[in-house]
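What follows is chain A paired twice: with chain B in the first complex and chain C in the second.
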Partner chain A sequence: MRVMRPIARLAEFALALGILVILWHLLSVRVANATLLPSPLAVALAWVELLRTDLPADIAASLVHLGVGYGAGAALGLALAILCARSAVADAIVDPAMELLRPIGAIAWIPIAIVFFGIGRGVPMFLIFYASAFPIFVNTLAGVREVDRNLIAAARMLGASPRLVVTHVVLPAAMPLVLAGARLSLGVAWAAMVAAELTGADAGLGWRIFWYQEFFAMDKVMAVILTIGVFGYLLDLALRRLQAALTRWSADTRAEAA
Partner chain B sequence: MTLPLRIKAPLIFFPALLLSWECAVWLAGAAKIMPYPSGVALAAIRDIADGTLIDAIAGSLRRVITGFAVAALLGVPLGLLMGLVEPVRRALDPIVDSLRAIAPIAWIPLALLWLGIRGNAALFIVAYAAFFPFVLNTIQAVRLIDRKLVDAARALGASPLLVLRAVVVPGAVPTVMTGARIAMAFAWGSIIAAEMAIGIKVNPGGAATVGLGQLMVSTLYVKRDINGLVLYMLSIGLVSLAIDHGVRAFQRKATPWQR
Partner chain C sequence: MATLTTPKIEARSVSKIYVSARTGDKVEALRGVSFSMKPGEFVSIVGPSGCGKSTLLSLIAGFATPSAGEVLFDGKPIDGPDPARGVMFQDYALFPWRTVRGNVEFGPMARGVDKTRRAAIVARNIEMVGLAGFEDRYPHELSGGMRQRCALARLLANEPDMWLMDEPLAAVDLQTRVILQDELLRLWGDAGDPAQRRAVLFVTHGIDEAVYLSDRVIVLGRRPGQVKEIVDIDLPRPRIGARTAPRAAALIDHIWNLIRAEAAQAIVEEP
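Right, the complex of A and B next:
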């Protein structure tokens, strides 16, 4: 198989991006209304200006929301999944509870979260926490349950202690699914974060969109939107790299990389 | 007769939870600031009887279905193009990925500006959210088609048109359908967010309620009815369950050769 040359790949991307920007520019010239459709140049200038002024604080605020919420959500999802895998009683209670809550998307919680936490940073943190718990829970439980019994039996027979079996057989075997769940969680959490910041917070990238909308500064709104896209993409890329690095041996990972 | 644990444990746990929740709220005298089960049930009777809930759900669902259809009409052809022409896929992949990373709801200010508050802005958000699952799954569907089956059909003398109809389409449809299921779930999730964002911006008086999201906003800021909020939340969950079951049932009917 031919190895993709990175330069050719970059050129293709630059071409597509260039065409997109030119189309956008032509459309903005045609519309001729800087509020209705700011030109790419205006957005780029607004972006540069914002990067020097407001954006770093907003990005930091959003990352704090994400860090706290996602950390707590992932920890809860993992803990509940492990609890379910170990105890039949916990499984009989937690599993239906999660299945009942799961269809209620994080966004449906926004009004209740506003009632309990007030407009502020608690709302996005809670929403991210809620949104990220489910994919990790579901995937970890599936991962732990699908571990090949023969592998466990073989390790036991060769004299491995139960603890060694967990750290060297169960965890590695469940890892691809856990990481896939982590990636899924991050995507859902990112969208929930923007929605929560837009409707119920006083800091973060989503809130900044709402803020500039009040001034009809659409070039700045678009600059913030692009920032959200770039950071969402980078976070996913980081987890994808982590996934590839930690589970290089897995057939799923190799299939995805191909 | 003893029931199995999987049935017995939840059967004891959940009623006990609801009962102790109800008692705790009343004992603490917190019925004004905390939702409680009987209050939610009363809110449900009230809102179903006067049609508020059904109207709001119908209003939201209408926009979800329209946005979903728009997303399918745009997403499937783009996915086909990207799946069939490798350079196009390589060039557009990063662009699709980064657009996908933008939470649909972030577009709300521009959507409002371009399409107005009467529901078309929410429609844009829904279509945007549902677009990407269609694109990604169509690409995947095209790439997963077994070349050997295509070659075999060609070798046995099938015309390209017959190959398309008898091999390619049946091979691709199940994956596209899975994309449709994800798209529908995204669409339902984002309509609520979009309606909430629009409602907060436009409807401070809560006068014109057109969807479940707007209903939630007016309940939150105007009526301050916390039991109602819990009821709408549960309704959102029930509708998404119903949608998922509906799409799955359709999928089984439409692609009986799968499993």
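Right, the complex of A and C next:
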């Protein structure tokens, strides 16, 4: 069973992909216009070529945007949540502000960010930063608030100082929700990155889509889009692995990872 | 100064009123509860559910403060939780992200015991409760009885002066419970020198369990929780292996008659 399941799942995945590619191919034959709908083969060839030429630099640029923006946004969300959990005053100020800003969504800030930073690396970094802060904030705050009071009482009864309670009870207890928040943040950050690069940047995968669109090179546009999909998936997979490794103790995450 | 005659615990007219932060509703959980415990004494608290047993235990643990009256430990007012008063929680409150070893080690770690001594303490206590071989399991990988043992090992590893236990055996099956009752008595020193024993305050709704284990049983009535009677359990020790003494049956009947009417009422009122 244990060995069969991943293989069976891989086969299922390959089958679904195969059907999709065939349908795509048939449609492209029917449309018969490479600018409107390039064939799968054309996209594959374009992809291979781009991987040797433009793509490595674009991927690197996007990862820099993501690293800076997501790193800062996740850190801020985490710090604000811990602050809110520890201080009623901070909670009264920060929580409503976050609830007000959250539904606006990062993309709405693109015009302002462009005016503020100019077309360039600043726009995607800022948007990623903005988008990442919220999910991890909300989840961390919930995680810290929902810590079982009995566990805190148990630690105090065993002789733990207030600081030890935070580091050895509150944080580990909140860890599953913090990591779930980190994954949600990464998802919205990735989407914000593509949007920001597409409209307000001069580097990165999103920007490259815009670039090839100007030349009506739809095969290359598609190749970049597929790259975005693959890298988004791989990043999420990495975080999921980290989540499973760090919360091995939780029956829930174990079931989810299986 | 604690002397030989200083009670381990002395509760003087203790009352506790909970006030809901949201609605301002008040619940009077305890009213005018007084009793004392000698060092090394095994005392049980019985009473219908909702009569304030857990509340009383949490006041003695230092998790909450009385609304009126006071509780003294070794003659001094209780001021917050203290490792000298070890607590075993009803749901065990094991740290789910720590293994058996990590849970048992928490107390000594928190109190700054050095690593090598800690390892010895942990090994000895895990062995003592019969969990050797399960050191690396997480709580969710343990059976109810094993979790209970783990919680007991965590309590013992901190070498508290007093054990506060909130229905520790409620969640295990009947046979396991009988075995664990005997183990608890053995660890406490049922057959040993009374001077070596720790004071135990044991909350249970099992009247036969309270009679089997205890030197005295405090019977609480409900709404609000008040002491109905404190029953001396004048059965000889050691008791392990002597569960069905006629005198025990008479004491069980006596206590049951004290709380029968209210226990029936509690069934109807519990949500």
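Please note the rule applied: the second predicted complex is superposed on the first by the 248 of 258 C-alpha atoms of A that agree within 3 Å, B and C clash if a C-alpha of one lies under 4 Å from a C-alpha of the other, contacts with A are read in each partner's own complex, and residues count from 1 in each chain.
By our rule, contacts are C-beta pairs under 8 Å (C-beta built on N, C-alpha and C of every residue); 3 or more make two chains touch, one makes a residue touch a chain.
Worth saying up front: this structure is predicted, and the values here are computed from it rather than measured.
Touch criterion met: A:A16 reaches chain B, while chain C stays clear of it. In the superposition on chain A, contact of A:L151 is made with chain C only, not with chain B. Legend: residue contacts after superposition of the two complexes on their common chain; A:I82 is shown touching neither chain B nor chain C. In the overlay built on the shared chain, the residue A:A173 is in contact with chain C alone; chain B does not reach it. The partner of chain A that touches more of its residues, comparing chain B with chain C, is B. Put simply, chain A uses no single residue to touch chain B in one complex and chain C in the other. In the complex of the two chains, the chain C residues touching chain A come out as 58, 61-63, 80-83, 85-87, 89, 91, 93, 95-98, 106-107, 110-111, 138-140, 154, 158. Those residues of chain A that touch chain C in the shared complex are 148, 150-151, 153-161, 164, 168-169, 172-173, 175, 247-251.
Interface residues of chain A, counted against chain B in their complex, comprise 4, 9, 12-13, 15-17, 20, 35-36, 88-89, 91-93, 96-97, 100-101, 103-105, 107-112, 114-115, 190-191, 193-195, 198-199, 206, 209-210, 212-213, 218, 221-222, 224-226, 228-233, 236. For chain B in complex with chain A, the touching residues are 5-10, 13-14, 33, 35, 87, 90-92, 94-95, 97-110, 112-114, 188-190, 192-193, 196-197, 200-201, 216-217, 219-220, 226, 229-230, 232-234, 236-238, 240-241, 244.
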